[in-house]
Every structure is written in structure tokens, then in C-alpha cells.
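What follows is a set of notes on a single structure, which appears directly below.
To keep things simple, chains are lettered A, B, C, D and E as they appear, and every chain counts its residues starting from 1.
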Amino acid sequence: MTDQIGKTLVIGGGISGIRASLDLAQAGYQVLLLEQSDRVGGLLSQLDTQFPTSTCGMCRMLPMMERDRVDQQCLRRGLSHDNIEICVSTDLISLKGDPGNFSVSFLSQTDGGRDDCPVLVVDDEKIVRDSMKEWLSEEGYPVQTADSAAEALNLLAEGSFKVMLTDIKMPGMDGVTLLTRAKEIQPDLAVVMMTAYAAVDTAVEAMKQGALDYLVKPFDPDAVLQMVDRIFKDAVAENARKDTVDAVILASGATFFQPNLGINPYGYGRIPGVVTNLEFERMLSHAGPGGMDLVHPVTGRPVTRIAWFQCVGSRDIQTGTPFCSSTCCMISVKQSLLAKTMYPQVTEACVFYMDLRTWGKASDDYARQAKKAGVRFVRARVHSLAPGLKENDTGIPVVWLDPSGDRRESLFDLVVLAPGQHPDAFLSGFAKDQELTTDDWGFVRPEPFLSGHTNRPGIFVCGGATGPRDIHDSVTGASAAALSAMQVMASAGRQTVQNPEKTESTGLRSDGVSLFPGALVIGGGIAGMAAALAIADQGFDVDLVEKTDHLGGNLVWLQTAIEGAGSFLEEQTAAVQGHDRIRIHTRTCVADTMGRPGQWNTRLTPVKDTAENTDADRPEQLAENGSPPDKSSGGKSPDVQVRHGVVVLAVGGAEASPDRPLPDNGPGIYTQQQFQQALDQDAIDTGSPLHVAMFQCQGSREPGRDYCSRICCPRSLDQALRLKAGHPDSRVVIFYRDMMTPGLSESAYTEARKAGVVFVPYEPGNTPELAADNTGCRVNWTDPILGRAMEMAADYAVLATGIQPGLSRDLARLFGADLDRSGFFDQADIKWRPVEAMDPRVLACGICLEPGNLALTLASARAAAAKAVSLLSRETFFPGKDTARVRSAFCSLCQICIDACPFNARFIDPETRTLKVDPLACQGCGICAAACPSGAAVVTDRSLAPMIKTIHAVLNQPL
Amino acid sequence: MTQTVMEPEQDSPPKTPSLNPDAFEPVAVAFVCNWCTYTAADLAGTSRLTYPDNVRLVRVMCTGMVDPQYVIKAFLEGADAVLVSGCHPGDCHYINGNYKARRRIKLLKQILPRFGIDAQRLRLTWIGASDGIEFAQTMTRFVEEIRGLGPCQARLQQVI
Amino acid sequence: MDYLYYPGCSLEGTAKEYDISCRALFEALEDRLTEIPDWTCCGATAAQCVDPFLSVVLPARNLALAEKTDTGLDVLVPCSACYLNLKKARQDLWENNALRAQVNQVLEEDGLAVNASVRVRHLLDVLTRDGAVDRVAQLSENRMKGLVIAPYYGCQCLRPYVEFDDPEQPRSMDALIRATGADVLAWDMGAVCCGASTATTKPQVGKELVGRILDQAKTAHAVVTVCPMCQMNLERFQSRSVPVVYLPQFLGLSLGMPAESLGCGMNLSDIRPVLSRVAP
Amino acid sequence: MHLTDIREKLAARPDLTRQLAQVKEQVATCIQCGTCSGSCPNAGFMDMTPRRMWRAVLTDRVDMVFSSQTFMLCASCYVCTLRCPRGLPLTGAMAELKQVAFGLNLDRFKRSTLFYKAFMDNIRQYGRVRETEMMARYFLAVKDPRVPMSYTGMGIKLMAKHKLHPHLPTWGPGRLAPLFDRAKQQER
Amino acid sequence: MIASIQTKDHSITRTLQDFFAGMLKTGAADAVLVPSRMSDSPYVKPCLIASHDRLDRTVPLGPGFFVNAGPMMSRLTRTRAGSTLVAWLRPCEIRAFVELTKLRQGAREEVVIIGMDCPMALSRTDYDDWAGQGNDMSDDVEKWIQTVYQKPVTQVDAWPVSRACQVCDAPYPVNADVSVMLLGGDLDREIALRADTEKGEKLLAEMDLSEGQEPERRKALLADLETERTEAFQAMDEEMLDQTGSIESLNRFFSACVNCYNCRSVCPVCYCKECVFNTDAVAYAPTQYLSWADKWGQVSLPNDTVFFHLTRLAHIGCTCVGCGQCTLACPSHIPVSDLFISVTRNARKAFDYVPGRDDAEPLPLSVFQESEFTDIVGMGNKEAT
């Protein structure tokens, strides 16, 4: 079946599902997208805006090339792509098989839903009947109850049931006899016995007489639901649709914690002014319940004072969720900023937090905007709404202790809870059926160093199912998962749908454009290697350029710090060096490039030996008369010309140098990298009790470098734990502004505290002073909680300075990309197109794209590779029907349209001195047509002639 | 969606609007961006919001595509008002189309009022994908204001 | 259902009426209460500070006595403090075999040995979960109609051992009160601390905490308690007279039992307004 | 209470030092979120809030720990234990601090120590508490007339409600004496 | 630095002619662009002169202004010629050329622009009377020069100066390499030249002229000119407002227009190779005309007259340099420049943009700010969304 078109099953139509499906469809593979709810978009269809830009940009996920194969409309109105078959309101019935041959059966809820699977519950205890009825009807099953066997029998006589749950020990007729009598009336009735712990053997006995299974009291709702679900699915299995696919991507997402479960200290559901942040999102929206204005959900009075409570159902052992849900802080920052700016009536916006986790690239600056807009951030966790002071008409009373211990109280009209995320029922059921390894909270645990892979080959995972994720991580992870699926289909020899245009239209279309085959990857660190390998594995040539003489970049010094990284680095290096499609150019950098995007002809030149040219990847300036720099250095291989259609920038970065001068006579002062290397080379005797002070956010999250580098806090915790393991009496004090351990890395923070590490928070204004002399370092600070001046002598002081990107503006500009405010690669959209420049053929990954740990670096590398592969695997691209054209006869080459085009799709062809359009970059928006006075720039039906007809027709319609 | 169901084709010539103001029914053109305002219009429809149908929508891919000539032609074609509506700043699918439109409308608002076309007759609004209610309100308020202004001078002077 | 009964020292002294009403109520409900023979003090808050080991031995002694009756009955404890001490000892002894061995060496002096298998239950746990509600409903004939009652639970019967009710918003007394025909005051001070022992050593603590609780109970005819310490504090720090009765007293009255048989004369607070409102 | 002499007192009592270390371990993973202080009904009366107490314990500031009233004001209402997001046994830790403080028999807690001693002697003698005799012995031990005066009001009220049973004191071996002695032996 | 040329035998024209000749002789300039008469006719047009002995028919200063040299300069500098060109341009010609360079229609690297205080211009018909048969024009020219530079005038003898010049808000050289300061100068004795850029200095240095200084009365005269011209503009603006206050009156204003599009072809900043009104975009189908006739009752032909002028107004809304050529070129004598100058001067105020003022100032519609003009967004003009 070699000519068969590759097909992938994507489970879940949220952000990750859409992104993975679009990547695969763009590469020409077919996708079967299953979604349980009645629409595609998942959480996104309820959000008008997203952090960190307060704008909405979901439609920017749509492919930029071959746009005609997708409906060009806002994704909240639906998604359609020729290669994607979307089934909404559809349940996955069963999934079996292995890579290249998964058989999946699925059923739309409309033709065989749960409503025609009635359930009969028989039990003498009222409390059992009521709870079972509530659980099951919530899932959509019609439920009837009987308090005795006799009543059950006449119910069975009247109506037909598919499932019967019966107690055994009941007054009058017992469950087992009821079982046999029921079977006589309805032979195909599935019967489940409900038994107390003691009577299990009778239940087993009943199974011999036809009972399907048994449940043990006290019942856990999930167990009951899963049992009945399984019976329902088997019952409807025969009229379910069947299909075979090559790979599976699980993108079923996660659900939000329900604040009213458990102790419910905030009276959610009882006090109307207490809402979740999703409900508040709807209140903020003009299409929400409050319409154009922000009013109290019950009293209808305008809301002027709003409080946000963070960590509701996160970082809280009482609710079984000790991890951090990583997105709630930023959601509250966005909502508080929007509340203050969209509704001037809001006078008081106050966020109560423990650590404000703004670890995304632009998140910290976004939080600063909120502060500037007047949002108050209080570092205190409000225990509950003050009991006894009920919500009266003046507002909800909130009491808290600020860090210095003073009791504060104030009234708020609205309290917005920021609930955490945790796995949903579908995920736990699916993970159990498919035997996926999950972590102790129920999220699917991805394989180390292989983002997106699970322990089952052929089944990949991304988005909320792998842990609490924000949109940026979900989108990056989804593309990485798509790449893994492509690898499975490639190894199974599957084909892609090449050019439908060719088949439909009679003759061959002549206006196709194709990219030069092959990719150029700049930077031989782990990101560059991962991207190069992934692209080469799909059968495309790759040129890997590295300015030093070895591969591995930062991972070389980091490998001992991360478990398993050493062997992983060796494998990758060997694979890259051994790969027949990868050409490695060490001690080489990019000189310059000719040609249009997608048809580049780049000249690589050896790096000059002089040590001082640190910025070797800055292309040398062409000699005055345009000839390349002389190559008199002899012996070196001459320049190499490389043709490629896609470029991946992976030049990495380095640890930022501390902004304040290191006291020179302080032997004990290290940066985080130096301390790690000292630890790895045993230059520090961790066996003896040491006193170490660690300083976070040194130079980062301040004007000039206003982003969080995301890796320093976890690194400090790792080093602190290593010191503590070395000797329990060593004293480690970490001075921090906000501990950035989002998601599941929160456990390291708890471990460190358990090991006795002392954490001292400080505000940007009063950083602890560090003085050093030859005896050692001395730190003094005022402890914000004790309110006392404290002092500490430290053998070592470690400054966490964070990441400095290593991408030069000239190299980025060479390929039409640019740097952002902080010096990282300027992504097309930080959330929706994280690894691409405005031109989809220019990609980036690793820490020159954004600060992040090894996992994120590998995910972005594989995401970039996915984009590259989906472009390179297309033989020819056919420009969309509404692509700009130039009528050269009217064009006076004034270049107004070149400046106007947001996608630099227009250029002057040097030979013919005429203006040309790059059909692959042009998005058909028509901005050039409006800018051009003479109508030389035309986009099919978007120019003067057709528009005049439209205007005339429109104004001529009778009223 | 936004148009009332078309009445059956009458054979009588289209009634040229008479002069007296209370029978005056304004006619307006709205250039709406495909991604945001058109979606809001669709949302207004699916939310069963009602608003006068005097405004005829012309869907454009982006407000950046609205050439000043279209606005001038619309007025000369007899439109009593022209509305250009697109995405909020930052939401534009084509990154900065809406900013460019804002400058072109500003230029037109300096020129057209000199020829008796009141600046209020040319409006630029940001209406996001979820602002269904705002779209309906904008339409209603827009038609009321134009009805207040009376027929546009251009319309009465049979000149193309 | 029958129970072993552990009154505790305060039910012999300052909370005498709690003991009297308990016994009378269970008699009316046809449940037998057999007092644990030769029971001694559970150590209250003093033992903990003076001698931590003794604070386990004292309650263990009573558990051993209860097991010695080998009736397999649960131990019913009206006083929340005693309930917590006995419960804590029972849990520690059940989980820590070394501790149990040590304690048994001491109990040998009195010829006793503790196995920590007996179940310790609070009065309210028994009244809510063993079917008392239906019986009260039949026998009370809505005698308490028209009364609004504020159920006050205190702390140690709800926390830290969560056995029979929500530790933050308890609701278990509602059914009992409604069974008597009375209405339940909608308030959420039911589980807020009255200051317990700190109210005696620091009066201003008691004044403020109790003040805040009673302030919420303004619209109720009476406050019903299930702990002698709470009862004492709620009665001592009253800025204006609020009738405070024990739950068994209230239930007893609702069954038509005469006030004296329930020790109604001994309450520190003036409960006559409640007595007069009870229909014959 | 100066830092150095507290440290000396502690050094002299290894059992108490061990108990204090145990408390330190119990509250090690405290993330200073302030939930316990916010929930505590008596926080308003404490000179040092529970949150600050755990901070002092973790940073070995024993001077601040034992010069504060915090654990004397703990009503053991267990709300903090219920709500602590880190699941720490806070009420138990507070009780243990109280035990250590009494173990050190600092004179700041003299009055409470005498009250508890009177209470325990009463139990040792009669097996059950006899309030009148127990309070009488306590007033004698305190040797401060103002203390009995503050209780007379309540005493009269209780007498009126004949809630104070007029037992006469008896001498001779205490009902629980053997148990108490054996327990004392057991401990060493 | 400021230099001066000694006037030879009371003829400023001849002095300037020698000045240019000297430039060509010394090779300071490979060619000079100066307005010159065609054969012996009175009409003057910009002429590219490379040999020093062909300057005798040039009329550097005079009322004849029938071609704005801006587009001519763009033709001469579309690509690099490898030569130095000296251009003698009026202020509105400099402005037009600078705008064209912004539209990449020309470049000024190889050009040295000599700008002069503007001698103003006569309308075509008045010029015919003034020049007569043009055989003995030279003393009329000298007389014109002497009168226009002594004090602000709006007419010389009986002939009124063209309306565009009367309202011109910048009749002095701006953004030029060399500025010739004639206003208020003792022109019989000398002409003062000021070098504004290095190129200007280099040119004057090569001519080794003597030291000079700006005529003292010039500043005062410029101020008078400013106030006088502003009042004239106000008057014209009001005139235009009531003449074209509505589309109907606009249509009457252009009722004589026959869509010959002359005004467009002479306009220096209307740079399109092919105007959209010449393309098929407006080649309507016959059914369209009938549909219009059906709707409006009548259609005047050729149509799109008002549409054309309004479109042109929008296209050059900010770049019109107010040179007045459109009025001079209109066969139907429609005062087109009065309308365009009054509309565009108001329109460009909104963007704080002056055409030609600065090479680096981007065209207003090619740039934007993230948040600007919030007043025009939203339903109520005041409330901004």
C-alpha cells in the first residue's frame, strides 16, 4: 500500500489539535480530527483576548501558503481544510494497533448518543440511589431508580434498559435472584452488582450467572462512570464508524479545577460575587452576559472594585494539586489590565498572589504594564472570605495579612478565582486503555528529550494533556508532535497529496513556484542538531553551519547538570555526523546570501582565525567593489555556495554577564554557569557544610533586559538540593523576586524547602547587599516577614544572571527577519507562530528564539523542523486565487507598495527593472492595491473596477 | 445575515428618495474587514440582534485595502454615509492594515467636509470578532445620526 | 443502638446540665447509655504541657476501660475537648505499636491494657448518623414551631478529624433542628472558634470572639451548642442576654420533656424566653 | 529574653532541642503564604503572627520564638491545619512549641505552669477534676490576691447554679498516683 | 558662507548668464538647467545647456513660468549619469523635485540646486500682452526684476501676478544647495548668494566669488511677504469654500472641464506613468451608463469629472507644492490651483507635513504610529475606543 496517502488521527480540537492538524494538512497528509464538544477551538472560543498582548490572533495559525485550501475566516466561526476531516460532537469508541496501522472507531453523539442508553439503579439506601442518579444523568444517561427488587422488576417489565446497577443485600428479594429474573425479561441487559467489601464473593458468584461486573462500596464516581461508559461504548460499537490511521496525536487538553468541590473556602456558588476567571472573561467580553458594560452578575450594579485570588486548586495539597498550573498568573494580569483600561469605572483592581509567575518572553513587561495601569499586586494568599461578614450591599469583605504581618481588610464588588488545571475524565480513561505512563497527578509523561512522544510508539501527545501549558507551549508542542507523526508516516512509506490543482484543472498549471530543496541550519548547538536531524530524517538535504570547531553548544557544559543529557548529546552528535543527508560546516559562518526567500543562494565562509572576532557570525562587509573578502589565509577550504529553500536560525545564546561589577577580590563570587561548572568539576567540596547565598534576577526583569530567562530559578534549586545532599548542615539561602517554577517543576521548589533551603523574597527596590573580601562574602538584608535586619557570612555567592541571546541583527536581516526588543529572534506572533518569522520560510529555535530549558529548546527545534518539512515536502506551491499582480505598464516604480506590504512580498527584479510579487509570501490582503495611486498593483477582485461595480450595485438595491 | 430578505423584484424604477426628512431613509455603505467586523456582523445575526438595514456591507479582506477612491465613489454614487470598520489595533490579521486605513480616513476627513460632506458621514470604527452587540449598536446609532444629518448633498445633484 | 458513655470532668461540674440532658434524651430515644466504669480525666489541655507522655496515657486508660467491657459498643463523648483527646490517643495508639506497648506497661498498674480498637464518636455524630432525626420528628410533633435556632458547632468536634460533617460549613444540626419544627438561622459562624481555653486566661479574646458570634445570632431565639467550653464562653461574655442551650436540652424540650429533667435551671444564660415559647 | 541564654537553656535540655528540631522539620516546606495567620481567630491578639513564628523557627531565631505570646494564644481550633496549602501540622507544631516553652520553665509562663500543675495534682489525687479544690490550690500557689479576686464573680454564679460540688478534700494515696509515678519512670 | 556677484552694466540677466557661463567654463558644472527662450519667441522653458556660449537666450528671472522643472529634474536624474548638473530652480520647483525623489523618481546626489527668491509668474494671457512680440524683452525683464524684488507686489504695472504666486507661503529657497537672496538687494550693484550645503560651498568656492552678505531689508521684506501672502490665502480659501461648498457647487466649478486632464499632465507631483483614469478601471460598460441614467435621470459625459478631481485631491492631498501650473495649463480657464492649494494646505496640516521641506521626512500615508488620531475612531468623534 505504498501509494496510500498518510493519515493521522488527532484527538481533541483545541489549540493544540488545530495546530497539529494544520501542520500535517499543510505537509499534504490527511487528518482525522475528533472533538467531543460541538465545536472546534476548545478554550479559545471563550477568550476574546490572550496575554501577553491583550489581542486575539487565533486566525494567524492558518497556513500562509496555499490559502485557498482553508476557509479564510475567524477560527471562532469554524475551521475547514481540504485535508482535514473534522468530526465534532464525536466520541472515540476504541483505538487499537501500532504505528502505520491503528484501527480507530468513533461515533457521533447525534446517531447513538448516551440518551438511548437508559440505566436502572436498584438499591435500598436512598443516598446511594440519589448520588448514582446525579452522576449518571450529568453524563447524559437517562436514569431510573428502584428501592427494591420488586419495583425494579415491574420497571423492567414496562420499559427497556441497557444497564442495571443492583445492590446485593436488600430486604425482600436479593440482588442475585433479581439478576436471574431480570435476564429472563431482557436477556441482553448488562447487569452490574454493587456490593459492600464483605460480600465480594457473592458478587463473583453472580458474575457466573450472567452479571457483567461488580462495583465495591463506597463508590468512586469516576469508577462508576468509566464502567457504564465502557458498557455503553461496547453496546453502540457496531454502528460506530471505522478507519485506519498511521499515527495518533492526543491533544485532549485539561479541565479547570471546580472551586466548589472539597472545602470551598471562598463560598464559590454561594456568594454570587465570587466568579472564576473564565466566567469573568465572559463578563469582560462585549458579547458576554453583561453586554457592553461590566456589572455584578446578580445585582446588576456596575463593578468598581475587583480582587483576583491566585492558586485556587493549584500549589495546594488540600485539593490534591501540589503543582503550579503555570497560566493562571498571566490570565489574572491580563484581566486586571483589561478591566482597568476597558472600563474606567474600575477604581480598584487587586491581585493576591504568592509568586507572580511571568516567565514567558514578553510576560514580565506585560505585568509591568498592568502595574503602570494601576493594578495593585499583593503578595498574600487570602485564606477565605471573612466568615461572619456576609456579602452585604457594600461588597464582599476580604481579609488578609500582608508580608509584614499587618491585618488588612477591604471590600470588593467582585472576587475572581484563578483555578488551576488538572487532567479530565477522558484523559484518565484513555491513558488507562492505551497503557500510557502518566505522572502522579494523571498527566501523560512525555519521553525525556523526545518532546511529544509517549511510551507507546506511534501515539504522540501535546498541549494540556502533558501538564498545565500556555498557548505558546501548546502550539510549539503541537508542531513537534506533528513532526513525530510525519516521521512515522514517512517510515511507513506514505505519500502526500501533492497538487490537487493538477488533477482538477485540465492542463498543468504553469504558475506554480517551488522552493529550492534542502535547508540551511545555522548554529550547531543541540537545537540546531535536533532540527537538522528531524529535517534530514524526512529525506531532505541539510547544511549545518557551526562557527566553533565542535557541535553541542551550551549543552556541552550543561550535560552533567541534566540527568541523561550526556548520553543524549553523544547520540545526537553521532547521528548528525553519521547522517548521509547532513553536511556539517564547522568553523564556518554565513558571509552573505543572494536570491529571494525560498530560493536562497548563501555563501558560507570560514571563520577568520583571529580570536577577537567574537561576533563571527556577523557576515563580513563586502569589500568596497563588491568582491568577497580576500581568502589569503591559504590552506582554509574556499567559500561554499549553498542553495536552500528554508533557513533555521539556531545560534543559541550565553549566560548574561552580571550588570554590577563583580568585586574583584571576592574569590567566592560565581555566576550560575561558573558555579555549575565548579560543582561538576568538583572544584567545590560539597561534602563539607557550606554557606551559600544565591541571588536570582540579577540584571534580568529590569529595564534593558525586561524578560525572565525562565531557567535560572530551576537551576538554583537544583544546585541548592545538590549542596544540601552533599552535607545536610550546609546553609543555602536563595534571594528571589518571584520563584519561577511553573507547571510540574514546582515540586523542585517544595523539595528544596523540605531540604531546609531558606528563601528570602526581595523587591526590586531593596536588593540584598553583597560585600566580599578575601575572607569570603557577607550578605545583609532586611527580612520582609520578620522585619528585622539579617546578616549572613557566605563561602560562595551565586549570581543568576539569565540568558543573553546570541543572534546578530545583521544575520537576521540577511534573511528578512529581525530582532525583538530584547534581542531575541522576532517571532511572527509570540503565541500563534512562535518559531517563524513573518516569512514562513525563515525559522528559528533554541535560546536565540526565546529563553527556555532543554525541553523547550528541543520542542521548538522539532516545531521548526515540522514547519520546514511541511514546506519542503511540497513539490510546487500554487499561488492563491487572490494573489497580487503587477501591471508593469502602469507602474512608475515609486515603491510605495513595497513599503506598504506587511509581508515584504514585493521586490524590484534587477534585470527587468520591473516590480515582481513573491506569490508565496503574498497574503492577498490588498493593502498594496489601496496604496498604489495608478492601479498598477492589483489583487484580482480587490481593485477599482470591480469595486466600483460593487458599490454601484450595493447602493442601487431598493430599500 | 445582515440584509433583510430581498423583496421580490418590482418592475417600477427604484424610488428616488423624496426630499421631506421624515420619509428620508438614509442609504450607506460599510467596508467591513473579513476577519473581525464581518465575524461580528455574523455573530450579531446568529444572536438574533436587529438593526436597520440601511447600511449595505461590502466585505474587504482588510480595512488597509480601502482605497480613498472607493469612499469618494461611494459618496458620488449617492451614499449618505460611509463606514469603514476593522479589527482593533493589534488584532489585524495582516499586522498593520488597520493603522494605514486610519491615516487614509484622516486625510479624507480633511478633504470631504470642504465639499459639504459632513465629517460625521465618514466613520472609522474598531469592532472585534466578539463585538456582536457593539456591531448592532453601531449600525443603529450610525443610521440614526445620518438620518439626523439628512440626505447627503452629493445624492441630490445627479452627478456621477 | 446502645453506647458506652464518657461524660468527662466538666459534665460533673460546670456542665452538669449537659450530662443530665444527655442521659434524659437518650432514655427518651430508647437508646441505652452505659457509663464507662471508673473513668478518669482525659488530661484536657493541661496534660499536654506538663507531660506529653501522660497526655496519651490518661485517655488510653479510659479506652482500655471501654474495651474491658467488651460490649463492642462505640464510646459516645458529649464534650468536644474530651472527644478530641480520646480520638487523638486512639489514632496514635492504633498507628504506633511501640507507643501502645509503652502505654500498656504503665496501664499494668491498674491492671488494664489498651488495644485501641474501640470507636470514639461525638454526641452530634451519633445523633445525626444513627437515625435520631426520624425519631425526633415523630415524637416532637413540631413543638418548636416558630422558633429560629442558631446551630453552633465549635471546632474540635469537626476538626482535625473530619468524620460526619463539612469542617468549614457544617450543616449536620439543621436536620435535627427542623425535625423539631423549628427553623434554622442562615449564618456561617457555626464553625468559628469561641476562643476556647484562651478566653479564660485572656478575657478580651473571649469578649471579642464571642461578641462577633452572638452579633450574627441576633435574629435567632436561641443558640444551641454541643461543647461545654463553647457553652461556658457563649454564656459568660454576653453583652446582652442571648439564650444558650445544649443540643440535648433543646431536643429534650422538643420531645415535651419537663425542663427540670433537662437541668434547664442550671444554664448560666437566661433561657426562659425559649421555655415559654415551647408548645405544650 | 536574650538569644544567648535561651540557647544555653536549650543546650542543657537535649530532649527539648530534639523536639524543637522536630517542629522545624514539620514546618520546613512552609511557603510563607500567610493562609494560617489569615485564618487564625486569635491572630489579632498575637504579638507575632503564626506566619512570622514559622519564619523565626526556620531561621533559628529562638529568641523571638520564646519571647512571644503566640503559642499561649493558640486555641487549638485546627483551622490553620485544615487550610495550609502545604498540608503542614501547624496546630500540632504550635502545641509542641508550647511544650518546649514549658519544658524550659521560663518564668514568663510561671502562672500558667502553676495552673497546669495544680490541675494535674488534682487529677492525680481524685482521678477527676474537682474545680473548687483545684482553683483553691492554684490561688494559694500563685500568692497574688488579685488572681482569686478576678474569679470570684464567676465562682458565685456557679455556686448559685450549684455547679460546684462541695467535696471535702481527702488525703492519702492519689487514685492515679501509681499510674503517674509509673509514667514518670517510663519517660526517663 | 555668503558670496556675491558684481552686476555688470545694470543687467541682472546678463550677470547671471555670465555666472552660469563661468560655471561651465571652469567645469564646476557639466551642464546647467536654466529657463530659456525658444528661438526668438517670448516663451520660456527649462533648458539643459552644456556649452558656455549658448546662454545668451536664457531668462533666469522673469514672469514666464510655463513648465515646473521638478519632473524635468526627475527625468535627468532617474539613474546615475556620472556628471554634475547645476539646476536654477524656483522654490516650488525645488519642492516638487524633492517630493519626486521621495517617490524614487529621481535623485539629487549628482545635482547642485541653486534656488532664488521667486520672481513670480504671469498667467498665459497676461504674459502674451506683457511680452508683446518678445523682440526687445530684455529691458521689460530687467524692469520686472527691479520691481518684484524691491517690495512685495501682487502686480507689475497693469499685469496681476498669478494667483498661486500671490498666496505662495514659501517664495524663498528652502532645502536648496545655494540660495540667491535677491529680495531687497541693491541688484544694480551685486547679487548675494548663500551656500546652504557642502555642495553649495564647493560650487561657490570653485567660482572664487568675493565675500557678500544678505541684504538687510530682506528679512523685513520676507516678513511682510508672509503676512500679505497669508491674508491673500485666507481670502482665496474663503472664496473657494463658498464657490465649492457643496458637491453641486463643485460640479458647477468644474462645469467647463472637458476631462482633458491637462492639469494632471503639468502637475509636477502627479508622477504616475499611467493615471488610473486612463486605464480600464474606469472604462465602464454601456449597461453601467444606462443604469446610472436610469437611476439619476441624466449622465453628463465625459463622466467622472468630479470623481477625477476629488481623486487627484486625495492623491496629492499632502504633496501639492502650490506652483499654479494646473491653472496656467487649463484650457477652460478653471482656477484649479486655487481649489487645490486651499484644500491641500489645510489637509496636510493634520499630518504636520510640508512637501519638499526635508528629504528624510517620509510621505504621510507611507508611515503610521501604533496609537494616533484616536479622535477620528469610533462613533462619537470625541470618545475613542
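A few comments on the model shown:
Operating definition for what follows: a residue touches a chain if its C-beta (ideal position, glycine included) is under 8 Å from a C-beta of that chain, and two chains touch if they have at least 3 such contacts.
Keep in mind the model is a prediction, meaning the values are calculated, not measured.
Between A-E and A-D, more contacting C-beta pairs join the chains of A-D.
Averaged C-alpha coordinates give centres for subunit B and subunit D that are 79 Å from one another. Centre-to-centre separation of subunit A and subunit B, using mean CA positions: 40 Å. Averaged C-alpha coordinates put the centre of subunit A at 54 Å from the centre of subunit C. With each centre defined as the average position of its C-alpha atoms, the distance from subunit C to subunit E rounds to 103 Å. In subunit B, 14, 68-69, 73, 78, 88, 96, 100, 104 are the positions where the chain touches two or more neighbouring chains simultaneously.
Shared contact sites, meaning residues of subunit D that touch two or more other chains, fall at 44, 82.
Residues of subunit C in contact with two or more other chains: 167-168, 192. All chain pairs that count as touching, in label order, are A-B, A-C, A-D, A-E, B-E, C-D.
Residues 41-42, 44-45, 72-79, 81-82, 91, 95, 98-99, 102, 112-113, 115-117, 119-120, 123, 127-131, 154, 157-158, 161-165, 175-176, 178-180, 182-184, 186-187 of subunit D are the ones that touch subunit C when the two sit in their complex. Remark: subunit B residues 13-14, 16, 68-69, 72-73, 75-76, 78, 88-89, 96, 99-100, 102-111, 114-117, 119-120, 123-126, 138, 141-142, 145, 153-154, 156-160 touch subunit E in the complex. Across the complex, subunit B is touched by residues 240-241, 244-251, 276, 292, 294-300, 303-304, 306-307, 310-311, 313-314, 317-318, 343, 346-347, 349-351, 364-365, 368-373, 376-379, 381, 385 of subunit E. Subunit C makes touch with subunit D in their complex at residues 9-10, 12-16, 38, 40-41, 43-54, 57-58, 61, 102, 105-110, 155-156, 159-160, 167-168, 192-193, 195-198, 201-202, 204-205, 208-209, 236, 265-268. Taken together, the subunit A residues at the contact with subunit C in this complex read 263-265, 384, 387-388, 390.
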